[in-house]
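There are two complexes below, and they share subunit A, which is joined by subunit B in the first and by subunit C in the second.
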Partner chain A sequence: MPRFLARRVLGALVILLIISAITFWLFYAIPRDPAMMSCGKNCTPENLAQIRRNLGIDEPITFQYWHWLVGVFAGRDYGGYGYCDAPCLGYSFANREPVFGTIMDRLPLTLSLAFGAAVVFLIAGIGAGMIAAVKQGKALDKIASSVSLLGSSLQIYFVGYIAMYFLVAKVGVLSQPSYTPITENPAAWFSGLLLPWLVLSIIFTANYTRMTRSQLVEQLSEDYVRTARAKGLSQWNVFFRFAWRGAMGPIVTVFGIDLGTLIGGAIITESVFSLQGIGRLALQSVDQSDLPMLLGVTLLSAGAIVFFNIAVDAVYALIDPRIRLA
Partner chain B sequence: MSFSRRNFMIATGVVAASSTVLTACGGSGGGSSSGGDAPKVTGSKTMDIPVGTKADSTGPAPEVAGATKGGTIYSLEQFDMDHLDPAQIYVSTEGAITVPIMRGLTGYKIDEKGGVTLVGDAATDAGTSKDGGKTWSFTLKDGLKWEDGSAVTTDDVRHTFERLFASFITEGPRYVQQWLEGGEKYKGPYDGKSLSSVEVDGKTVTFRLNEPRGDFNYTLAMRGYALVPKKHDTKEKYDKRPFSCGPYKIASRSIGKSLTYTRNPHWDPKTDAIRNNYPDKYVFEFGFQPLAATDRYIADKGNDQYAVPIFNEVAAERIAQVLTNATLKKRVLTQVDTVTYYWPINTTRIKDVKVRQAINWAWPHQQLQTIRGGASTSEIATTILSPVTPGYEKFDLYGTTKKPGGDPAKAKALLKEAGKVGQKLVIAYQQSDNAVKQAVAIKNALEAAGFTVVNKQIDKSTFYTQIGKIDNGYDLFAAGWSPDWPNGYSVFYPCWSGENIGDGRSNYAQLDDTSVNKAINTAATITDSEKANKAWGAVDRQVMELAPVVPDYHSIRNWMYGSKVGNVVYDAGNTCVALCKVYVKK
Partner chain C sequence: MTSTEQQPFLSVRDLKVHFSTEDGVVKAVDGLSFDLAKGQTLGIVGESGSGKSVTNLTILGLHDRHRTAIDGEILLDGTDLLTSTERQLERLRGNKMAMIFQDALASLSPYHTVGTQISEVYRKHTGASKRESRTRAVEMLRRVGIPQPDIRVDDYPHQFSGGMRQRAMIAMALVCDPELLIADEPTTALDVTVQAQIMDLLKDLQQEFGTAIVFITHDLGVIADIADDVLVMYGGRCVERGTKQEVLRNPQHPYTLGLLSSMPSLEGSVDVPLNPIPGSPPSLLNPPSGCRFHPRCAFAEKVPGGLCSTERPALDVVDGRGSACHLPMDQREEFFADFAGSRHH
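Up next, the complex of A and B:
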């Protein structure tokens, strides 16, 4: 297992390096001048040149990338704007802050949102999928399938506003969406994020219900399940020891990607509920042409997906020992 | 006062007529209402701000009837402030939000009746002038302290004005820099050199100007000239965390997310005639779209009951609901503004005055007003000066009142007369939903009048940089202006004088007409305010006859607030809600 993980981590670092190079080139090759954002309204050509020098953006792009890469490991000096400690992912001219600090400031909310929603949609989605598979063709299956179809066709911006209007403004059973760090006030953390979790999980729940159902139905019709039944194993044993375990592989894979994507930013959910997480940060960066911040957020998203893929591989290896040999 | 990209984005965005403009100096509460009938721009009281006496400048500020101390005031805003270094502040929201933490030599005092007076803020009075306004002196009050308990000194005042010349100060107003003697060669204090035209003698600071400026004390009331401590000046980094000498100080700040003020224990109310300090704390939260914020103000739950907006006005989607519901309307502060939004015509490209006049005749004012949210948020403009700005003269040269939807036939006839039927017009606008809708309406109207229109979307972050270039390649683009203090000079010199043409300057139309330049310079020297106002009204007409601009609208602003916020009044000095006058209802 350690060798397997080491190999995967090494591969992930190479992937991240390639992603950073491509993203850096794409962002900096487009005709936008980050120095203009820092230079202001009464900008003189001399000031602009000075800012370009301070920020190192008067250099060829390969040098810029090299300096950026060095900054990630050793930090970097941005002249009058201050020193950016390692890991320095760049300096945001719009926020006048190092990119890494801002990302770290917004990340706890996004992690809370992603993991909280994941708990809801995993429990609800897999639970409903299991019931549907067990009760295949019966009323419960039809209800679960119909509800999941309805759920997957809904949009967060629609459900979010409706839910806010009724559950918060009219009936008042839920709190206004907000973020309080869990370390500060766990109850406020929970109540402030409950509505976003529920809304965000609606679509995912529907997908996981459908996926779990189809995987389980497939597994339950496999020969080895039939053999297990023929050997007289209990229904419970057959279901959880054989069918469920077999069905989990694809679900875990998709879950890893979904979680990585969510950590990269649930842009719509954060926007609907006015939460300031990574998604809003990405949106704001696009709006302000804040390329360094956008690069940082892109790398975070890529890193999250890569990380959870490794985690999924590890879990996969636990579920299916054949993976370790591959 | 120019108009930042943020202002434009909001003005043309989802907000009906959100018109956050650069630090305008409005006036004595003209055209404001809270819960009553919606005011109209035309007919509203002109925003005159008289100069107060030494007694007016002496603290403490008048108490607000029924106000009590304590509690927290919240705010749900769309954006964080771009700048908090006063020298970089030229946006009204930035000016308004920094009232509790910054003080200048002069400022605007709001009295019990909502009237506004120019008074000494850190200075004992609104200043004394000599040489017809070429020399101005201000004496610092006793007992002024920074948030660390150290005294505010005249050295700090001198440093405040000298640092305006530093290369990293690029966004704030440029008036004082242009007027101080020797300013053209001065590069700031950081290499150890002083500016000799700022003299310090005991507690008095004297400014020597290169031209008579009777309104210099009004200029200094702009947040761009608030004091900065020499000892704590962190240069570029000061923009993130300024030092306070007001009743509050910054307790925490997460850029783009939140800003919190707590009390500054070293502030003495006896030194301050302008600010009250009722709440214990202010918490500004950013990232709320106007619609989301409006819905929360309507719901009025939890901390939102203690919330008051600075930037977010009632969203266009909710304006009818809010203004037609008597209960909700009670929690709305409606205010006529001094800003005029307009579309400058690039006179270096559209040289024929008849073509420019044809654009004016064809303009679809009414359609654009509907897109903005209707008459409750804006009034169609026919002049450059707002009806509430001193000097305003009512006239309508291009038939807007009779045909607010435009007169394509008249426009076509003018084009024909000029031999320019089919004239190509390149219109630049920012990328936003509302701007796209407006661009379509404008294109249709102008094409119906015989123009060939090419619409070009421009990235919001570089819009003003692009239209501010001399050789920008565009014929028509949106902008807006509100006076920095209540007279025509701060409208016409920055935007319509040929002396202010250049990359990054605010004469976007690049109008350089000898007679207009002369009229502006003549009006600027008139010391009698009544005569000066008449002269500015005449300049307005003179400029409009040349049609270098299409006046679009004057804004009416609607701010909704929580049910437990008391005394929500207008701060004419910053064209926003007066933060230092609100209190938490018990």
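Up next, the complex of A and C:
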């Protein structure tokens, strides 16, 4: 296990390095000058050059990238901003705020959104899938299957606004989406995020229902499940310790991918509910040609996906003893 | 069968197992009866799809209850298994009646150690502690001949060889000293040496505990080795039954004869071609009329009036010996001798 982790973390670092280099290169491939955006109306060539120098984009790309990389690992002296400690992701072109700090400010919301929704869609999706699998071909199965099909065809920007209109504005059973840190006021944190969680879950739940159902149906017809029954074990025991154990693998895999994606920012959800998370930060940074911010957010998203991939492999090995980590 | 004087331990009466599928009703077992006494071994022979495995899954109640229509009676030591609840069956399975499956790799859970899989049966049925049942699992592994059982008990099935997995499966089936053991082609996937060891093991265990064994196979050689009585199934029905000697030495049904003549003989020349039964197993969705074997039977034309294709032959059993064939009893010997003779021309 430790060797596995060491190897995978090293691999992850290489991946992130490559991703950051590609992002750098792609950014400059766009015919758009970030200096122009902050230069304003009466932009003289001298001003433009000055801004370029201030932003540090007057150097060749390779140099810029090297300096950025050194900053990440060792910190760097940042001209007018003073010294920036490692991990230094630089300062935003748009509002001069430190990138690392901004991301850390936004991350709790995105994490709350992702994990909260995950709890809802895992319970709802797996629960419905289990019921559907047990009641194969019966009315409950058909209801679960059709509801999940309906759910998977909905879109957040559609359900989100409708839910907000009815549940918040008209009926008032849910409060207006907002973010309060859980450390400040857990109740406000919960009620402020409940609607986004539910809406975000609708789309994911369907996927987990279908996956759980099909995996379980397959596992329940496996020989080893039949053997477990032949031994006289109770139906619950057979279902959870045998069939569910076998069904878990693919679900864990997809969950890892979903969670990684969600931590990279639920862009649409955050936009619909006016939440200032990582997703909107990403959107803004693209919009404002804010290279340092864009790099920071990209690395976070990529890092989250890579991290959950490693986690999935480790969990897989816990579920299935036939898999050996090396 | 051999012990008609006492109440049979296992008694199957007119068992019918029908599955409903998208294409229609599959008559997997269609009116099967047999008895089995304690300490005896019944060999059930038949091609794939003849209903032999379905019969035994039904005895344990492992069929899909929602899709299966069952009729008839299965009495185990006086208890009707077909009317028992799932709970009652759970208490019997693994305890009073146990099953050894064919493919041990697929039939053992890949997620649990061999020891856990054996000891959980023991714990469930005896209420023994974890430690006691583990000791019992080690003892069982030793008994079935697993080397270093106290170490191997913590292995997973994939760390075992094929023969060891089959032994572990047997240990699992026998951990509660079942009175009825159903072995569904337990040696088919194994090489001949291991097969022989496992057969010896089953025989030893039967002698020790007086277990009644139902042994399902399509291998007549295995039947000759282990069975006391033989039941030949074709298309969901019993076509012939009797003692091992009666059925193998003096087959009364053309299908049994066909099975025997399709086996290579050690005495004859190796150049004699094998004599397979023509045609393929019947569709149970739309089985042949009358005798289900008649489309493949070499003797159907010898029965006057096309009786074979119109009327189901009755299985008349006298003293456990019987066969379901329209061919007049006194003519069979002559016809069958001709058939056997025609092999060697």
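Methods note: the second predicted complex is superposed on the first by the 317 of 326 C-alpha atoms of A that agree within 3 Å, B and C clash if a C-alpha of one lies under 4 Å from a C-alpha of the other, contacts with A are read in each partner's own complex, and residues count from 1 in each chain.
Throughout what follows, a contact is a pair of C-beta atoms (placed from the backbone, for glycine too) under 8 Å apart; a residue touches a chain by one contact, two chains touch by 3 or more.
Just so it is clear, the model here is predicted, and its values are computed rather than measured.
Engineer: Using the superposition on chain A described above, determine whether A:82 touches subunit B (first), subunit C (second), both, or neither.
Structural biologist: A:82: touches subunit B, not subunit C.
Engineer: Quick one: subunit B or subunit C, who's touching more of subunit A?
Structural biologist: It is B that touches the greater number of subunit A residues.
Engineer: State whether A:222 touches subunit B only (first), subunit C only (second), both chains, or neither.
Structural biologist: second
Engineer: If you stack the two complexes on chain A, which partner ends up touching A:319: first (subunit B), second (subunit C), both, or neither?
Structural biologist: Touch partner of A:319: subunit C, not subunit B.
Engineer: Is A:230 contacted by the first partner subunit B, the second partner subunit C, both or neither?
Structural biologist: second
Engineer: Tell me which partner A:168 touches in the superposition: subunit B (first), subunit C (second), both or neither.
Structural biologist: First partner only.
Engineer: Mind working out whether A:193 is in touch with subunit B, subunit C, both or neither, as first, second, both or neither?
Structural biologist: neither
Engineer: Can A:118 be said to touch subunit B (first), subunit C (second), both, or neither?
Structural biologist: Once the two structures are laid over each other on A, A:118 reaches no partner at all.
Engineer: Between subunit B (first) and subunit C (second), which does A:245 come into contact with in this model arrangement: first, second, both, or neither?
Structural biologist: A:245: touches subunit C, not subunit B.
Engineer: Both subunit B and subunit C touch subunit A; at which residues?
Structural biologist: Correct list for subunit A: none, the interfaces share no residue.
Engineer: List the residues on subunit A that touch subunit B in their complex, please.
Structural biologist: Listed in rising order, the residues of subunit A that touch subunit B are 32, 36-37, 39-44, 46-47, 50, 80-82, 95-97, 102, 105-106, 164-165, 168-169, 172, 175-176, 271-272, 274-276, 280-281, 284, 287-289.
Engineer: In their complex, what parts of subunit A are in touch with subunit C?
Structural biologist: For subunit A paired with subunit C, touching residues are 136-137, 222-224, 226-235, 241-242, 245-246, 319-322.
Engineer: Residue numbers of subunit B touching subunit A in their complex, please.
Structural biologist: Those residues of subunit B that touch subunit A are 2, 4, 76, 88, 90, 167-171, 174, 235-237, 239-240, 254-258, 286-289, 292-293, 295-296, 298-299, 301-304, 459-462, 464-465, 468, 504.
Engineer: Per the contact definition, I'd like the list of subunit C residues that touch subunit A in the complex.
Structural biologist: Counting only subunit C, the residues touching subunit A are 60, 62, 66, 86, 89-95, 98-99, 101, 103, 106-112, 117, 120-121, 124-125, 156, 158, 172.
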